[in-house]
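One chain, subunit A, appears in both complexes that follow, with subunit B as partner in the first and subunit C in the second.
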Partner chain A sequence: MGSNVRLSFDKKPELPKLIALAALITVFLVIPQFMRNTQLIMMSRIFILAVYGMSYDILRGYTGFINLGQAIFFGSGVYMGVIFLNMQNDLWFFMMAAGSIFVASVIGGYVMSKIVLRTGGVVAAAMVTLALGEIVRNIAERWRTVTGGQDGLPLRFSRVALEPLFTTRLGAYYFAFVFLIVMTFALRAFVLSPTGRVLQAIRENEQRARFLGYDTQKYKTIALIVSSVAAGFSGLVFAVIVRFANTDYLSITYTLNALLITLVGGTGTLYGSILGSAFVTWIQNFLLDLNRSLGWDILRYPMLFVGSLYILLVIFMPAGLLGGFFQLKNWWDRKRLSRATDNTPEA
Partner chain B sequence: MGTIVTLVVNGLAQGALIFLMASGLSIILGMMGVINFAHGTLFLWGGYMYVWSYYAIRLRVVMAWFEAAVPVTRFGNILTIQGVQLPPGETLPFLAELAIFVAALVIAVGFVFVMGLVFEKLFINRVYGRVPAQILITLGIQVVFTDIVRVIWGPNPFPIDRPPFLNGVSTIGTARIVHYNVFLILVGLVIAVIIHRILTKSRIGMVIRAGLQSPDHVRAIGINIKRYFTIVFAAGAALAGLGGALYMPLVGNVVSTAGMSNQILAFIVVVVGGLGSFMGSFLGSIFLGLMGVGIAMTVPGLSVVANVLIMALVLMFRPNGLFGLAVSRAD
Partner chain C sequence: MSDMILRTEHLGVSFGALKAVNDVSLEIEKGKFTTILGPNGAGKTTYFNLISGLLKPTTGKIFFKDADITSYKAIDRIAAGMGRSFQLTNVFPMLTVHENIRLSAQSYSKVGARLFRSHRRYDAVNSKTDEILERVLLPHRRNALAASLTHGEQRKLELGMVLALEPEVLLLDEPTAGMAIEQVPVMIDIMRDTHQRGTTVLLIEHKMDLVKQLSDRLVILVNGKVLADGNPTEVSQNPEVLKAYLGGGVLDATTA
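== the complex of A and B ==
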């Protein structure tokens, strides 16, 4: 597997690219000043779900392992964030939540890898992770005293979380943006590290990597743990933005969101997740708005549209929107080239 | 003693139901190397189609039969499901009730069979031999078609009745035997025998087993292996549909999340029994059904996690299934 399109990580960033990146970051630092609250929330969600998508891409794009229980880590992050911030809404408790999520995700990822990676098959792994995810959601739904069951768990204390740091949606926007930048660099560093290189080797040809003497199980376990920690952190920051936890965040719906984000952006590209998250979040927002203004019954089921889109993507654009665009462009270039050569009069 | 008999019958009935679901999944996986994450949706469609057609037919028959009959509460959204109150003291003759029940089953299973045909032609066809793509595409189908059920029949659960002639309970000694459970066990056994015969003795089983080993040879002697694959997929779907249709009267409550939860049960059976093995899924279903009832009796708090725990342990220590029956092809 793996896609034909991969943004190159090999080259050292060149000066023009760095300037472009700086300009982009500046734009995203300035534009929120001109945004309404709803737009700020949407942008914050896009940033965080981009990190969630990247966490998924580390697994699926870089090891080929399809984890249908990724939402366990994301949802647990959201729940732990809300629970800790409900005790006391400040940075210290946020840090404590982050620490607990780190520990829980490492343990959870390790246990999951022990169950799932043993057999090696993609089928068994997908089946088991789906079952694990449903069970965790089921337990969360029954454990009402802690999770609030189906009603969900709201953030109690304040309108906006983390009092001393930000008291506005604007602050939350910057928080999410900084989170995205930090996590992007961290995950990029991981992918570029020797460990990340071995993972790519495993994705391309696991048998060969094993013959070269790498303990592929160990590397896959590392990937799963890194992925689960990143998903947990994105859940924590998501809790700050949405100020609410419910079992949806643990369910297959959110795993599908991650899959869709990586599919739209192209698997194995890491940065593609940012684009994917923007697209997916925007579409879901758009459907909600449409539902509000039109009130059609069918619009109450956003997964109907998102899921259909997802099926179409899997069939027609397995390399993602970006990849699909490049494929189209290649096809067009080749066609133009061949037409140009056809038209040249023979000497 | 009586309690044990009751429990065993209940467990076997659960097992029979899981078997209907798991066998289709397992056959598709073992024979075609296709993993179907939309199996729960097919199960759900079977259930809703059964309930809808059963109630629709019964309403019309009863209204035509008795002048004094009154329609009662209705559920649903685009399509509705409406019960009917018979005049006091009156009943439909047994044969009429049986005919309604069988007709509803046939409609449900037939509909899901056609769904299977369409899914295979539209989607599965494109992803033979590509397991990750199969997982992704069937998962998408699962989500979309489950939501379509919610659009058509509404998202809220509603109660339904069993057919009157299957609704009784007999007491033998101290054991309480629910008739519907006995019915489920019989259906499960009959289906198991039929499938086993087809797989081992019939031409279609032979062709598919040959097609797995060497598709080129099968094609070379003029057999359209693709058509066989389509039929096998649709037959697996129909089994899931039958499972769904028989599940709804058992629990007496129609919920749109039943598809996913039963799909997971079927997955667990398939893993515990050994991936792709028909015999394994038969034994696994019985094992899981009995275990589920036993745990619900002794440690009810554990019943949610027990199945997954079993699956996790089997995967960790016996990756070829509890009975070591996994078909190597199924990756």
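== the complex of A and C ==
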């Protein structure tokens, strides 16, 4: 049963929390004014990968389902963004890309659930999704006319581009930030909905969920679709930031990125992915910078360090950053409570 | 025949050579409290698994409210009005007591598949959850994680979860299993109360003394077969049952 710790914000938001949130949002609206382009890009990546991490958390953290093909949706989003914006870069084409990726993710998520949910067990499902991911990546690599194959597909901004949203780094920052906020609220609403609660029940004990009358396969399909759409959208916005699509975004590497973000941030916490994304993105950036300035050969393999860091983190903070915070808070609350009720016998 | 709510005809299942349930034909009357008694390994839980759809029978048929449900999936049987609890506590460990019961109340209210509106804003679900918490005497443990409950409290939660489904037929698999002796009367009271509200109860028990007063009918199951069936006084004096009690000591009638 693991440790007896709750890992989510399930209570009603109280006023102080709302004020803190408003303050935090204000800070993030103001600071980009003082940032260099490289910093703006990094921040934008953090915001978007946070949403991508949340999309993963819906499956892994809430439903207890390991999808090793999540990058299919993220990568498709990136491609869709580049392809549509290369036709014409304005908000209309962006919206069309969004519509297309929405439809594609709903269908893709549904199809994937039909394939995956036939297999019994988490491990079998993970293997099947891994295979699906590789199939999609392979197709993308061969289909050069559309995807540019291994060379990838750059996003070309024409000079008539009207949208500072897409063409300036500052605009893109705000775009990514608003995206993060909107998606956080949407996904929060989803996990707090009756459906979201059923997903938690499935994670905890699928058989019992069935015996409470829930068609658990149907709920898992819903989770997969919602998660796929969120991943697809984050890929789409990511295209605007990285201005480039290649098959890496479809590969297991990017699935593992999502997995790491939830691991580091804390599984099943939703918001943990924001911390996780900040940490993962920052550390990768930091190591690359360090490599550039120091020129140490070993720094050319950032995953060597990142990987070891993750291992340490998983060992010493198994619940992730936010999860660890909740554990501390729980421990503190319990200590306070037990002090307050020391004299009363246990009920 | 309309007062028969649940019926099994020649129901049986084998695990290899073992006939765990062997040709059991029973008719459960609507509104009655029926108890199935039997020694360890008699096939009681397996019988419930067949009725509730966890296992497929190798022989026989199951009828619920005159419909042949033998091929129904478990969730369809629940939708039809059946509810079961488990002998081994089977809850959502990392959710609170309130959340565990609310999931059940939510299923009963049929709002499970709603998206994007907070689960807290369904008043019917909330009041149902509170009502059940009261009925199983757990209001004070409302925000405790199920995993952190004592065994006795978990048994109450287990019962509360199935009560919140408001089934027409309630299948209870040893709700007092492993409970401290002084806690047992509380469970008996909850069961009696539930029965008095009009629910048909089918209970599995181990100890005859606990259920003699409670039950309208006793069914003795031994080696997957019905050994005796009738009103509690008759059955408890049935020579074959007495033999099973005294001779093999398979039913622990002596322990109060």
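Going forward, the second predicted complex is superposed on the first by the 297 of 347 C-alpha atoms of A that agree within 3 Å, B and C clash if a C-alpha of one lies under 4 Å from a C-alpha of the other, contacts with A are read in each partner's own complex, and residues count from 1 in each chain.
By our rule, contacts are C-beta pairs under 8 Å (C-beta built on N, C-alpha and C of every residue); 3 or more make two chains touch, one makes a residue touch a chain.
It should be emphasised that the depicted structure is a prediction, and the values quoted were computed from it without experimental measurement.
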First, second, both or neither for A:Arg45, with subunit B first and subunit C second: neither
Partner chain(s) touched by A:Arg210 [first = subunit B, second = subunit C, both, neither]: second
Contacts of A:Lys218 with subunit B and subunit C, given as first, second, both or neither: second
Partner chain in contact with A:Arg243 - subunit B first, subunit C second, else both or neither: neither
Which superposed partner A:Ala201 touches (first subunit B, second subunit C, both, neither): second
Which of subunit B and subunit C A:Ala124 touches, first, second, both or neither: first
Intersection of subunit A interface sets (partners subunit B, subunit C): 1
For the subunit B and subunit A complex, residues of the former touching the latter: 29, 35, 37, 77, 123, 126, 131-133, 135-137, 139-141, 143-144, 147-148, 150-151, 260-261, 264, 267-268, 270-271, 275, 304-305, 307-308, 311-312, 315-316, 319, 330-331
List of subunit A residues in touch with subunit B within their complex: 1, 64, 66, 68, 114-116, 118-119, 121-124, 126-128, 130-132, 134-135, 138-139, 142, 252-253, 256, 259, 263, 297-298, 301, 303-304, 307-308, 310-311, 314-315, 318
Residues of subunit C touching subunit A in the complex: 52, 74-75, 78-79, 84, 86, 90-96, 99, 102-104, 106-108, 111-120, 122, 125, 140-141, 145, 147-148, 161, 165
Residues of subunit A touching subunit C in the complex: 1-2, 4, 6-7, 12, 186, 189-190, 192-198, 200-201, 204-205, 207-215, 218-219, 222, 347
